[in-house]
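Look at the two complexes coming up: subunit A is in both, with subunit B in one and subunit C in the other.
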Partner chain A sequence: MEPRTSVIDKRLDAIDRIIAVASGKGGVGKSLVASALALSLAKKGYKVGLLDLDLYGPSSHIILGATKLFPKEENGLIPPIVHGIKFMSIVFFTEEKPSPFRGIDITNIILELLAITQWGRLDYLIIDMPPGIGDETLDVMRFIKKSEFLVVTIPSKVAMGAVHKLLVLLKELKRPVLGVLENMVMNDSSSIKKEVQALKLPYLGKVKFDDNLEAAIGDPNLLSTTTFMKELEGIIKKMRL
Partner chain B sequence: MEPRTSVIDKRLDAIDRIIAVASGKGGVGKSLVASALALSLAKKGYKVGLLDLDLYGPSSHIILGATKLFPKEENGLIPPIVHGIKFMSIVFFTEEKPSPFRGIDITNIILELLAITQWGRLDYLIIDMPPGIGDETLDVMRFIKKSEFLVVTIPSKVAMGAVHKLLVLLKELKRPVLGVLENMVMNDSSSIKKEVQALKLPYLGKVKFDDNLEAAIGDPNLLSTTTFMKELEGIIKKMRL
Partner chain C sequence: MHEWALAESVLSAAIDAAKAQHLKTITDIMVEVGELQQIEKEIFLFALTQLSKSYSPLLKTVKFHFKTQRSTLKCTVCGNEWTYQDMKRGLDEKEAEAIHFIPEVVFVHARCPQCKSPDFEITKGRGVTLRTIKGTR
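Let's look at the complex of A and B:
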């Protein structure tokens, strides 16, 4: 057994719930959903952490406007606090340089990040997962045993093809699925809803495409006032977190 | 040296140009650009191959409506022909089941696919690359020495953050970049253009967001009549292929 995994279990011990925001497909707004979910829960008074594990394209720090922060070292790493959220990201270690990690390195980096971060007591740790069902996704499933999955898709045949695979994998591995959120919706089709329900998984509802969202990237206060955030909060209610 | 790499060199020997359609970010329309580029070149009378290497979310077969085909075995694998394109995809081997390959397996699968496919003589081989700068992207760079890169982005800070990394990596590795295409454009901003030009790379222009595109997924004849295709052909001209 990898000795770090017992360290990881201890590090995550004081966290009530771990919610992994995932998608089979990139570009569906997964990072925005993860960041906005963390912001919303923090605003309600919960103790919230956000961990960006999207090693190839970390973006939560851009969304939160947290581009000048760095964790503090003290018996491990203490995450900086951004808009009430304890925030850790792989980007702190790659400094925006290209980071073409190869298979085994990815596992090591995730293990290291999980082993050294001092989250303390949290009600929720939100994980911004990498897209797809590659190494990182499998590693997170393996190392973070109590993670529950919020799956994000968009209403497109191509995206849902990939998301379908992720959902089948989560079912096969018997991991808890909180539900599927349909993002960037522009019309009234119910095909995604039907496909999710056919898999006997909870369909959480639609979030409409919001033209004003791009302007709110980097500005959490503005993000909180968007239609996107309002609709997401309706979905959070349905998740009964 | 891996013995298969010399086999691969031989297999690709009769191909004039290899164009890798890549993006640092998923969900930017990379697969659509790759499929439409292959369709457009085939229509002009060129001998064209399309290879879908997006192992976590292969979608070219969905876009081309080629969901019932399979390659023929004859001293290797002979790609089926779809709308005049020789077509190979990892999906032929995964049969839509979840395929959570781990690091080393990915390399093996790509090597195998490249070593066994009988492309014959081609003017162009278009490769639908996986998103990001992960293992598969690095492997393709390593095994397909003469690939030139067409990079796809969308006008979003988050997407361009990831695409920037890919562009820096391509420059560092001295790989030829045909240019950057800005997809799904909804307004007149020139920020992506400026960022690409600051890297001293060719900016190829914009393709507007096309609301009718989703309906053309799976129907290449319909796809050929879209605004998306018309605008893409303007960009192909600029690339002087």
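Let's look at the complex of A and C:
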């Protein structure tokens, strides 16, 4: 019998809301949205955690400039605090080396992280999800029953093709979808909005492509001054978190 | 110690199983721990004993039994098989510690000793398994 599943609910019990930032497609800015959302909520005085579950390509630590950190071992692992956020990532254990995991290994890693991480009391746990509807997405739905989904897309038919599938799956499995955020917008078009509304899901709005964003990666103070962050704040308000 | 977090998961699972079987007390719990997990047996048993005192009345007289499962790793490319003990010599302290917390990062820090592929499987010796519980109805 696998004992770790029995303790996950207890580990997450003192967390009010768990928001999985997800997308059907990679490269749409999930990690930036997840990190920026966590930073914004922490700045407002909430107790916030950020769990990077992109096990092949974790990047939240790069965005937060969180290097040379390791969780504290005390009745499990206590996440280090970065800019007011309790932060946990596979990168603490992989040292930026390539991570060639197969499906069953992904599930075991997620189980282990959820069973041994001691988050304590949190208002929000933000999960930076990997792209797609594979193991990680299914495992989050299976093991984190109270997870809500914030879905990120870009104004591209190719990206939306994959995002559409994720949205349909979330609807089919009756998982709460906070809404769809349209990121990296360069032209004025309403095609994504129409597609999301046709699925009867909340369309949260657009965040324009920000030329200055790359320079703010690794510097949360600079990130908080970007147009990206200002526009994201507007969307967070709409989400009424 | 993360042994405490894993010990708590064992007790939680044992209580769930006992309730499902309508047990009034749990007398014995057999836990099997994979070699890759590199659990400190004494710390783990101490954690189980200490936690059981306040965890549930069902555990009042419980005895714990511990078994280590030796590891086997098998390369999916060349079919070579080896053990964690064979491989341990090539790992530095930080890599071994990472595997202690998350056994699957063995794929990150080690390679098949024969063909150097990272594409191998843990066929035996990972994780913690609640093997059996005994009790009274």
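In the analysis below, the second predicted complex is superposed on the first by the 239 of 241 C-alpha atoms of A that agree within 3 Å, B and C clash if a C-alpha of one lies under 4 Å from a C-alpha of the other, contacts with A are read in each partner's own complex, and residues count from 1 in each chain.
Heads up, the rule we're going with is that contacts are C-beta pairs under 8 Å (C-beta built on N, C-alpha and C of every residue); 3 or more make two chains touch, one makes a residue touch a chain.
As the structure is a prediction and not an experimental result, all values here were calculated from the model.
**Q** Quick one: on subunit A, after the overlay, do subunit B and subunit C clash, or do they fit? Just give me the call.
**A** Because the two structures are overlaid on the shared chain, the partners are seen to fit without clashing.
**Q** Specify the partner with more touching residues on subunit A, choosing between subunit B and subunit C.
**A** B
**Q** Once the structures are superposed on A, label A:Leu77 by its partner contacts, choosing first (subunit B), second (subunit C), both or neither.
**A** second
**Q** Check whether A:Glu2 is in contact with subunit B, with subunit C, with both or with neither, and answer first, second, both or neither.
**A** Second partner only, subunit C.
**Q** With the two complexes superposed on chain A, say which partner A:Met186 touches: subunit B (first), subunit C (second), both, or neither.
**A** First partner only.
**Q** How many degrees apart are subunit B and subunit C as seen from subunit A, counting from C-alpha centres and rounding to the nearest 10?
**A** For this superposition the angle at subunit A equals 90 degrees.
**Q** Could you grab the smallest C-alpha gap between subunit B and subunit C in the overlay, to the nearest Å?
**A** It comes out at 6 Å between the closest C-alpha atoms.
**Q** Same subunit A residues contacting subunit B and subunit C, which ones?
**A** Dual-contact residues (subunit A): 97-102.
**Q** Over in the complex, which subunit C residues touch subunit A? Could you list them?
**A** 1-2, 4-6, 8-10, 12-17, 94-95, 98, 101-105, 107-109, 118-119, 121-122, 126-131
**Q** For subunit A, which residues are in contact with subunit C within the complex?
**A** 1-7, 10, 73-77, 90, 92-95, 97-102, 105, 108-109, 112-113, 115-116, 118
**Q** Okay, in this complex, where on subunit B does subunit A touch?
**A** Residue list for subunit B touching subunit A: 24-28, 31-32, 56-57, 59, 62-63, 96-104, 106, 131-135, 137-138, 154-159, 161-162, 165-166, 168-169, 172, 186, 211, 214, 217-218.
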